[in-house]
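Below, chain A partners chain B and then partners chain C, in two separate complexes.
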Partner chain A sequence: MIGVELRKLLRRPRTWVSIGLLCLLPVVVAVFLAVTGIAPRPGQGPTLLAAVLGNGALYPAAALGIVLPFFLPIAVAVQAGEAVAGEAAAGTLRYLLVRPVGRTRLLVAKLVSVIAYTLLAVVAVAATGYVTGVTLLGTSGQLATTTLAGTALTPADLAWRTGVMVLYIGWSMVGVASVSLFLSTLTDSPLAAALGGLAVLVSSTVLVALDAAGAVRDYLPTRYWLAWVDLFRDPVAWQDIQAGALVQTGYVVVLLGAAWANFATRDVTN
Partner chain B sequence: MTPDEGRAPGGEGAVVTRGLTKRYGRVTAVDSLDLDVRAGDRYGFLGPNGSGKTTTVRMLLGLVYATSGDIEVLGRSMPRHAGRVLPEVGALVEGPGAYPHLSARANLRLLDAAGPPVAGGPLADGVGSRGSRRRRIEAALEQVGLADVGRRPVRAYSLGMRQRLGLAAALLRGPRLLVLDEPTNGLDPRGIAEIRDLLLDLNARGTTVFLSSHLLAEVEAFCTRVGVLDRGRLVAQDDLDTLRGPTGRTRVRVDDVAAGARALGLPPRDTERPGPFAGEGDLVLDGTSVADATERLVRAGVRVLEAVPERRTLEESVLELTT
Partner chain C sequence: MSTVVTSQARRRWLAVGSGTLLLATLLGVGPWLRATVAVEPAGTTPQAVLDRALASADVAFSATGESRGGLALPDLSGFGDLAALLGGTTDTRVWWGGPRRWRVDTVDALGETDTYGQAGSVTTWDYESRRLVTVVGDASARLPRADDLLAPTAARRLLGAVGPGDRISSLPARRVDGRVTDGVRVEPGDPRSTVAHADVWVDRATGLPLRLAVVGSGGTDALVSELSQVRLGQPDDAVLTPPAAPTARRSVESAPDLVARVAAASPWDMPDRLAGLGAVGPDLAGAPTYGDGLVRVAVLPLPPRTAEDVMRGATSAGSATEEVDGGRIVRIGSNLLNAVVVRGADQWHAYVVTGLVDPALLDAVAADLLADPPPPTRGFR
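What follows is the complex of A and B.
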């Protein structure tokens, strides 16, 4: 069943269109930066963007920073919202279930497919970011890059930091996906599931910025989203990254549990 | 697991329910249903829209969970043994479902690959194995008349073609039991006849067919046994011939109605009250047997074209049962 879901994912035009669009935005940004040479001042604009000019190898990280606040979560929420509700809306859910595919198996396969999509998207953005960064922005002479602290990074150092970043962002997105996946088992409308997931994110972003909500801030899903920036400090500041991974794990476990409990016991009437 | 695990002792009914009930809140959609579909039946499950047919079908297939009561499909209880029952069941529920951007073949391949590669009924070819998939897909498409659809995506199909694709999906693994909900929806008369012939052929080769429909004519033309559902209750379940039982009256067709009426001692035709005069040359007689009527008519020199005991149509029985 997992293989079938992956085949469905890969054969679907929308998968490639959405990933293509995700990759396009950082490329456009890079073109503007390269042509004008005007970098945002540090502390302004998308994360890390101030540091990439003349430092193209850092651009994968900057590219993810560009798509992270809106674009990537939207794509992931839409994909996850599709999972069960999309099958219901297409009328294929009932035929899968009487084929028969066990409900738990179906849900697991959907989850794997959403995770695969997320990783595909994050890796694709990072890869196009690297190519664009190196070709358009240059690599500051040698391959040596500097951290935000100004110390030198070897290519190997940069590679593993970028790898961990991809995993961390991927995991944050799985957190997003689990909200929409849960909603996807509640409703037969894929749009409602996707929008519901986004509504949670927007609320979370608002509350994170609100001092009055300080008591719950550390448990909000978007609180540590940008913690991966700490990977590019020297030494790496792991504290927020660990907290972020833990918070996401909590959301993933609870929401997927709820999704399973709901889907396994509900009447399929569509 | 032995092959017989979960099988009920005794004879095998294709679909047996006892006290099957489904409540949505305070609304009782299906009320203590005792279905009895025997292996080899062509069972017609009749009922007006909203009478609970689809809910029942969904419960039989394990999509909707019953509030109370037992379900046995192919001798095993559902939904507990869904994993062993459903591979031998082909189903079409409330219209076909397919991924619109893929072709018919790609859709069937995905569906076939999604489930377990085991089991299959008397017509299963290659026992549902992966290796026989291509052949089974071609055979199923051929059966429903979609063999030459090519690579067009399902998005471009007409309603009738989608319906045929849904049937092909149901037939893919040579099921022992076909559960079809309104299978001729969207088909033209020729398509309906084709599908009926196909189902008759499958039934003759051992497939039990459970056909749910609100179309009396369809059920009358195809089924051997009928269950009639009304507002969630089963109001009749019998052989079609019993439901279409004789009315006790005799219908004769003669070439001269006026002479016939005189010979039988009936009052002359009155345009206000048709009485025994039905149609152009037909007389409907109460309390006169076919033998008596023909004898008296022939004695009087009236030519008899046809004389039969009158039967109720299925429509009349059902209307009587459901009002």
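What follows is the complex of A and C.
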């Protein structure tokens, strides 16, 4: 079942179109930076973008910083919202369950497919960022790649930090996916499931910025999204990264549990 | 009617609900229990706790810090990030090896600004502008930096200013960051102070102040600073060494900011008493401070052009200019820190008078300065 869902994911043109569009924006930004040589002024624009001119090896991180606030969550929410509700909307969910397939197995297969899409998207953006950065922005040697603390980053340092960043952002997006996947088991409309997931994220973003919500801030899903920046400090600040991974794990466990509890016994009419 | 399906659904939802409740309990109630679990009362006097806090500058530690300022100050040109520092939240990472060997990083999602304290100099690395600035020597006056608002540093400064007229009392012991702390409350004895009280929680094991809360006379928190993730012990030498940053723009300066530059160049021989307040210390050069205990007023002489810029900035931020005997003043107020920009009618004498005191006291200081303008020092005659 998992293999079937993964093959379906990889063969569907929509998967590659959405990932292609995700990768396109960082490429466009890199082209503008390379042609004009004008980076955002310090303190402005996405994280690390001000430091990438002549430092193309940092561009994977900057590329993920560009798509993280908006486009990546949208793509993941749409994919996860589609998982179950899409089958129901197309009228194929009932036929899927007529096969000797348990509902829990089907849900697990859908989950694995969504996680695969999420990691694929994050890795694709990072890889595109690297190729684009090195090609267009260069690693001239005039500018040493440094941490935010100004200390030098060796290629090995940069590689493991970027790798952990990809995993961290991927796991944060699995948190987004779990919201939409749960909603996808509640409704037959994939659009409603995706928009519901995005509504949760927008609400979380508003509350994170609100001092009055300080008591719950550390438990909100988007609270630690930007903690990956701490990987590029020296010494690495692990505290928020660990907290972010834990918070996402909490949401993933609770929401997938709820998705399972609902989907395993709901009436499937489509 | 209950069916097999509905009872299965109930069991599943019960399992998910129980798991969620357990998780929420662990995450929410756990820290609360940890913070409030019974702590043995302090066996010492508040004065002893205060003395231990003042003697804690050599306690080596690493931690993360957060300071939340509630002062609504206008953003004035030349005064750097003062308004943001005292009116917003500042997140820091701290490595403290001692008063002459420390590092404080101010971090946000876009970068960081790291300050390295070393014997005889302070070096600042700003990632966003890629500048590495070393300031040599100790300025007699300067703008506050993020490291000044760290709980231990700010608490020691505040407790060090407590005078015989101020009252200190004990607060119930509590846990801060999981560590047992003894609380001390300081209340100004002089009603002209805008501080209602300041509460300091001091680590019982080391004497390190871990939390400071300053409450203004309006009853609201004006500044709260706290350390978390505290680890005792000497930080690595590598962490305390400024970066080589080969591509950074480097400079070596003798004054860190506008206030330090202006204070160093002050041409006036300042009086030893203003509005009934005596000068703190014999040195009246630069930006002298007057008063005692928690009622202190700093007077910063300004060059005429700078004074005009500051007045223009303050009036465009909503403050009104008032004509008074001998010149003009502009009042800048917040719930804790007040300031008056003063410009003499001779167009040469100008000052910023500031302190955690009632505006009426600042007006009195301004009136004295305008009524009897200080003469130039010997070198400027």
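Points worth noting:
In this section, the second predicted complex is superposed on the first by the 266 of 270 C-alpha atoms of A that agree within 3 Å, B and C clash if a C-alpha of one lies under 4 Å from a C-alpha of the other, contacts with A are read in each partner's own complex, and residues count from 1 in each chain.
Criterion: a residue touches a chain if its C-beta (ideal position, glycine included) is under 8 Å from a C-beta of that chain, and two chains touch if they have at least 3 such contacts.
What you see is a predicted model; the values in this text were computed from it and never measured.
Touch criterion met: A:A258 reaches chain C, while chain B stays clear of it. Of the two partner chains, chain C is the only one touched by A:V229; chain B is not. By the document's definition of touching, neither partner reaches A:T187: not chain B, not chain C. With both structures placed on the common chain, the touch criterion links A:G250 to chain C but leaves chain B unconnected.
Once the two complexes are overlaid on chain A, the chain A residues touched by chain B in the first and by chain C in the second are 265.
Residue ranges on chain C touching chain A, taken from their complex, read 5-6, 8-9, 12-13, 15-16, 19-20, 23, 27-28, 64, 89, 93, 105, 107, 109-112, 114, 125-130, 132, 229, 239, 242-248. On chain B, the positions that touch chain A within their shared complex are 58, 61-65, 82-83, 86-87, 89, 91, 93-102, 106, 110-111, 113-116, 169.
Residues 42-44, 47, 50-51, 142-144, 146, 148-152, 211, 219, 226, 229-230, 233, 235, 237, 239, 250, 253-254, 257-258, 260-261, 264-265 of chain A are the ones touching chain C in the complex. Residues of chain A touching chain B in their complex: 1, 3-4, 7-8, 11-13, 90-102, 265, 267-269.
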